[in-house]
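In what follows, chain A forms one complex with chain B and a second complex with chain C.
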Partner chain A sequence: MVRLKNRYLLVNILYPELEDRKGKTKVPDIVEFNQPTTDAFTAGALLKGLKAEIADVFGDYGSGAISESLNVKYLSPATSTFILRVSRAYYKLAWAALSLMTSVPVKDGKNCVFRVVRVSGTIRKAEEEAIRRARELILKAR
Partner chain B sequence: MLYDLNVPWSMDQYHPHQQRTISFLSELGYDTLALNHTITGSLPAAIINPIPAVPSFEIPKKTVLLRRCTLNIVDPSQNYRLPALAAVYDILALRPTTEKAFLAACLSLDSHSIISLDLTQRFSFHFKPKPLMTAINRGIMIEICYSQSMDTSGDGSSARRNFIGNVVAIVRATKGRGLVVSSGAQSVLGVRAPADVLNLLDVWGLKKERGLESLGVNPRGVVVNEGLRRTSFRGVVDVVEGG
Partner chain C sequence: MASDPEDQPSTKRKHQKHLKGHEMITKTIKTPPFSYVHLQLISDADSVKDLDSLTVRSHITAALTQFLGVTGAAISIDILKVEGTECWIRVPREDLSPVVAAVGGWVGGPGYGTAGKVGWKVKGSGNWLSVLVGGRSKAGIWNE
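This part shows the complex of A and B:
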């Protein structure tokens, strides 16, 4: 009864916006969608940006509800993937806030789309899914 | 099969952007898309479909593109030549801006299959179950464009507040049935994956089961019905090539 239950969200950052490639070779769309993210995107920046968004959309109620449990468990700017931990009771709030965010929460952050690809009760399954997806992406991008 | 029945199209749109939007939607899992041409004001004398039947750019293999028109109606007693409009497009939707027009669209008008309201506005009337359910029982679905909730430009994001309030009211009045959810995304950044959309709807009061219906079953109903209306005699007799 006293065990705190969490949900681990595996999130991809996608960049669907067209950008002027200035004459470089044409890359397939799927590779452009899954671009790497700037190194300025740290766990701290993500938490700050997400908390600001939750405060904006859900106000003090949302901020208070997730404050104890919100944590970034894994972050890879290179693969534009991160795993977020939220308490089970309020993970939908955090997920909704992520969906409503429109740009990377760093200074002059690019416009992007946050897509939650897996919700899991354990971090192990989220990690396995991340590995599986990375593999799939390499095959798709060939 | 997931549907996105509102991908805004305009005459002077930049083709690579449109292609990008379609490519992104296809990547996220939406198979059938409807390019939506919005008409406000009066109709031209000769009604033609400006959306090209075959896209001038490449689209992903499994994507099906339909052509849709959304007509703003203000006064239902005015003759909008709806049957003529419906004949030219694959899907016809109405956007009533007054209560009279809304009631007419729900109860009496016939040629359309979607009622799409601009949910970022405050409406002077309440959404009552009776007219909405009458419309749904006639086969007319109510549309919710989720990208309007991401519109935070200017005016203290009252757009988002109005949108959520209206969505909550519509879900309450219809009990979640007869809804069609689509992106309505003006740019490719307003598009979200189906799981994200379902979660947003869940937060706003539409349970996952109904949400899934509104992404798959209901839009399919609209597309099939509109197809039947145009090709066969009341869905009973159809002329088929071959044999």
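This part shows the complex of A and C:
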């Protein structure tokens, strides 16, 4: 049986537009950079937004290439992290579309940057990397 | 000329050396920069008006945008010649397959300037324009 190979993309959502928080308590910049995402950001919303972006940038060819395999494996709005599964042949297509998305795909979504931090063939390594980065972030924010 | 077994070895060798000709410089072009496509607009309506460059440009852009999105529309297409309902275009070599696929599968509905549906027929494509143009006359030989 021919095995269908996938790639798992670990993606962070970053918010580089640092607002001028007058009067409110000063939050370290790194925490504001990695702030949590709104709860309206669900796996469905992410898939819908990403598929629309791929259809826009890569047309029917792109939509057909990834439609079968594109799936959100893990999503945490609180840590603004998600793991995406894509087929091995077309993961760069999904990566490019993510890079071109400029705001969170919900109604009145904030401007943000989707940054792919790890590509791996198994989901386990992607999970381990997510845990490692979360730990590092806590240390940095201290 | 086939080698003559009765000939003495020295004359045979001289003969072959003379026949071989002088190779001064050779160059093999494996990756020409551009590829060429010969297209014809066909329609299920009675007649298609003669094409002009703008119509060709808009039809091709529509085909590429539908199949390949923004990256398709960004492919540089040069329209070399428009004649009647046929046109010749030039594309970068690595984009030849996507362009032929996009253009071949496109159907333009009413509203594209003609009554019925229109589409492109790919009459030929390749790396060398001279071969493409030369092959035109071949198509009509067997049609009486």
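In this section, the second predicted complex is superposed on the first by the 139 of 142 C-alpha atoms of A that agree within 3 Å, B and C clash if a C-alpha of one lies under 4 Å from a C-alpha of the other, contacts with A are read in each partner's own complex, and residues count from 1 in each chain.
Basically, contacts are C-beta pairs under 8 Å (C-beta built on N, C-alpha and C of every residue); 3 or more make two chains touch, one makes a residue touch a chain.
In this text, all values refer to a predicted model and were calculated from it rather than measured experimentally.
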item	value
Partner chain(s) touched by A:43 [first = chain B, second = chain C, both, neither]	neither
Touching partner for A:137 - first (chain B), second (chain C), both, neither	neither
Contacts of A:89 with chain B and chain C, given as first, second, both or neither	neither
Touched partner set for A:113, first chain B, second chain C, both or neither	first
Residue contacts with chain A in the superposition, chain B compared against chain C	B
First, second, both or neither for A:33, with chain B first and chain C second	first
Touching partner for A:62 - first (chain B), second (chain C), both, neither	second
Partner chain(s) touched by A:102 [first = chain B, second = chain C, both, neither]	first
Doubly contacted chain A residues - partners chain C and chain B	56-57
Complex contact set, residues of chain A against chain C	54-62
Residues of chain A defined as touching chain B within the complex	14, 16-18, 29-30, 33, 56-57, 92-93, 95-96, 98-100, 102, 111-117
Chain B residues within the chain A interface of the complex	16-17, 20-21, 23-24, 27-28, 149-150, 157, 160, 187-189, 191-193, 195-197, 199-200, 202-203
Residues of chain C touching chain A in the complex	64-72, 98, 101
